[in-house]
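Residue numbering begins at 1 within each chain, and the chains themselves are lettered A, B and C in the order written.
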């Protein structure tokens, strides 16, 4: 059983208040306009919530993943797009945290921790989604720099971030073992933003294509050694998936909270619909699922924090289960509101659209099941 | 310039409240929060410190659990906290609260003492004036704006017609209204630092106050009983086109002899 | 102290007239004093006190203690506290009633601290029970009424809400006693100027009609709909916490738990859902009318007349209707 430390409890309460008072009132507009919410980014930076993953000596807060998950969950309850600002700052920076040199950390972390710079994680390609070995982006060493050619798609924070963790093939003959990881600055020669996507959900987050056209990246920006890329990517995802799980739990909890309050107020047949057993059972099922998902997420985060082995499986379980729960719970919560739930005036259709991505990004939930099954069978 | 902000822990205003067998609030049944008006006082204290330097200390009278309230103020940026707590304080009225705070303040260093305009639980608004009286200080109450210069404080004080401008020499007690500023949310770094800040705990003995002056023993008022007011009945509900609705409201007012 | 069965009213001035609430309290003081076989008196400080004494006598004061010193107008609280505490020490009234205004609360606070007197605030009812004064005030958002009394025989301070009692004439022969206060030498807070606020035209506590706006107005500029309707009624403008927190209107207009408690004849809530926070501040209004587009809004469960509809259309039409009928 997990128990929050005093400081975590206070942080949770403060972020909850901040989310209710400052983020929630903006959520519908952020979704409607489909624009990156710079004001929310400033707010989160001011509260040090973009500093969570970074060690204190670089200006971060050195927070553990559990604390990170608490923060993401509270923000996601009211606005999934805003929670993604916190998530991606970590996702884009984890490769540097995992494999970066002291010089690289000193160069990037202080400005990332303060929120002056934003980070992004660029792995997926048009032809290489779940299949990383099919990666087409090439990196060729030429003297003191690498030359990158190719493109990445569906990249969160594309065109928004200053710092990109980019994965490219240095040796295509070696399959995934030929993948290397680089830090690419937004102003690198030959690097540009391609198409910006028009999305179903998380519409306040900018998702787009990155194009590398003879892009020059200094040798000093290689993360680890050549060929370490896939390992770095997988270690990153092991750390980041509980965060996506926390986002999913937050979205689900936000939907359940709304539906439960609505059910107590909405009168049909002369009484609040919360008195109807049909509604009660739906709410009970939702609450159970959310609580189960939360436990998996917190457990996975705590294991990562404890440096335990086998975190790949627990992280995948947390992300996959929580994502599926978010989709089911938002769908059912909308159902509780009936026709009103389907209308844009109410937040549930947004929550339902936002929930969907948690089943897809950072590895689809089918890939998660594959990961879980592999780990499971290997232990017998 | 040294600033002391008086704060209180109160039950969450939005929570449902229950009473225990002694007709006192069952504090276990509700979440406790910092008195919302005190957040404006803390924010004002921090702003004065930013402009004039010095220290911001928090002073609270309450139960052990009020440490949480003080930690929140420390997380906002206050430098240290003092909690006056003693079992004998339970049931203290406004007079006793003012007296105890004043005795504690005598052991602290202050140029400005800030308070929220009132609390959300008892809400008598008697403590800022009481503290000023016990310390022999002038009081600047219901402030919507505070400025300090040349050893004096000038405020805008909420009046019936707007605001009065009032000034007094330091040291002074100032109470602030909601809206004077926008209280900051504690930042994560602030929360982390708050755990390491000094929090002193003083008892009645430490302050040289005898137990019979405060709490239930010293209270100058006592509760005789409670009743529940009859809830307002639901009236009529209409849904008509807008012109008809406007006419029906006007008709209703005529019937009620308001028009 | 407090042995004489005399009930005082600390009467604030509005110009040369006693404030409305002072007359309400005076009427109540007379009633309490009669029940105790005693009499009622008033204390009025400041320029205009002598003129105001007449009205207080009409409402039941057997004696009116007056002091017309300029410092009551340009020094905050302390001279009033000096004058009042001197008088109390000399005359030992059974109780002093104060109106729940900022200034009266401040004076009560200083004097009660100085003389060690008990205070019960937020009173909505006062009864004589044998030798005791029983005071009722709402607690926990009005969900409970608390009855309290004082534990000693010292002068009791009761701070009462506006409109808790009706002002009625109980004429007494005018008897004015001049007071010569002894002032303490403590540092003072001096009033050096005033900033008028045009929107504070009609005070919320004294208004007969209040028109309030909430989040349902949708945008800050729509508050002018509320203001126009208020003008038609010559009413005060109120607001929910949501509207104040959104910055649509300033805090002095806020009605509710962290704002003002009001008791008008008519309270018209436009686009206010009626959360407990707000309900607490206006539920004792004589008549509540609510306009809201959401048929499930909690306010409809306690409004006398609930109107489901678009306030952006209804409010201007209602303003027109009111002007028409008032003109007729």
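To be clear about the criterion, a residue touches a chain if its C-beta (ideal position, glycine included) is under 8 Å from a C-beta of that chain, and two chains touch if they have at least 3 such contacts.
All figures in this text were calculated on a predicted structure; none of them were measured in a lab.
Asker: Quick one: which chain's Cα centre is the longest way from subunit C's?
Answerer: Most remote chain from subunit C, centroid-wise, comes out as A.
Asker: Going by CA means, which chain is nearest the middle of everything shown?
Answerer: Centroid comparison flags B as closest.
Asker: Where the centres are mean C-alpha positions, what is the separation of subunit A from subunit B, in Å?
Answerer: Averaging C-alpha atoms per chain gives centres 40 Å apart.
Asker: Nearest whole angstrom, what separates the Cα centre of subunit A from the Cα centre of subunit C?
Answerer: 54
Asker: Round to the nearest whole Å and give the separation of the Cα centres of subunit B and subunit C.
Answerer: Spacing between the chain centres: roughly 20 Å.
Asker: Inside the complex, what are the residues of subunit C that reach subunit A?
Answerer: Touching subunit A: residues 245-246, 296, 298 of subunit C.
Asker: Mind listing the subunit A positions that touch subunit C in their complex?
Answerer: 21, 25, 265-267
Asker: In their shared complex, at which residues does subunit C touch subunit B?
Answerer: It comes out as residues 14, 76-78, 81, 101-102, 105-110, 112-114, 116-122, 134, 138-152, 154, 159, 186-197, 200, 203, 209, 244, 250-252, 254, 257-259, 265-266, 276-277, 283, 287-289, 291, 295, 300-310, 313-314, 317-318, 320-322, 325-326.
Asker: What does subunit A use to touch subunit B in their complex?
Answerer: Against subunit B, the touching part of subunit A is residues 6-7, 10-11, 14, 17-18, 46-49, 51-52, 61, 63.
Asker: How about subunit B: which of its residues touch subunit C in the complex?
Answerer: Residues 13-14, 17, 19, 25, 36-37, 93-95, 98-99, 120, 122-130, 132-134, 136-142, 154, 156-169, 172, 177-179, 219-229, 231-240, 242-243, 245-250, 252-254, 256, 258-259.
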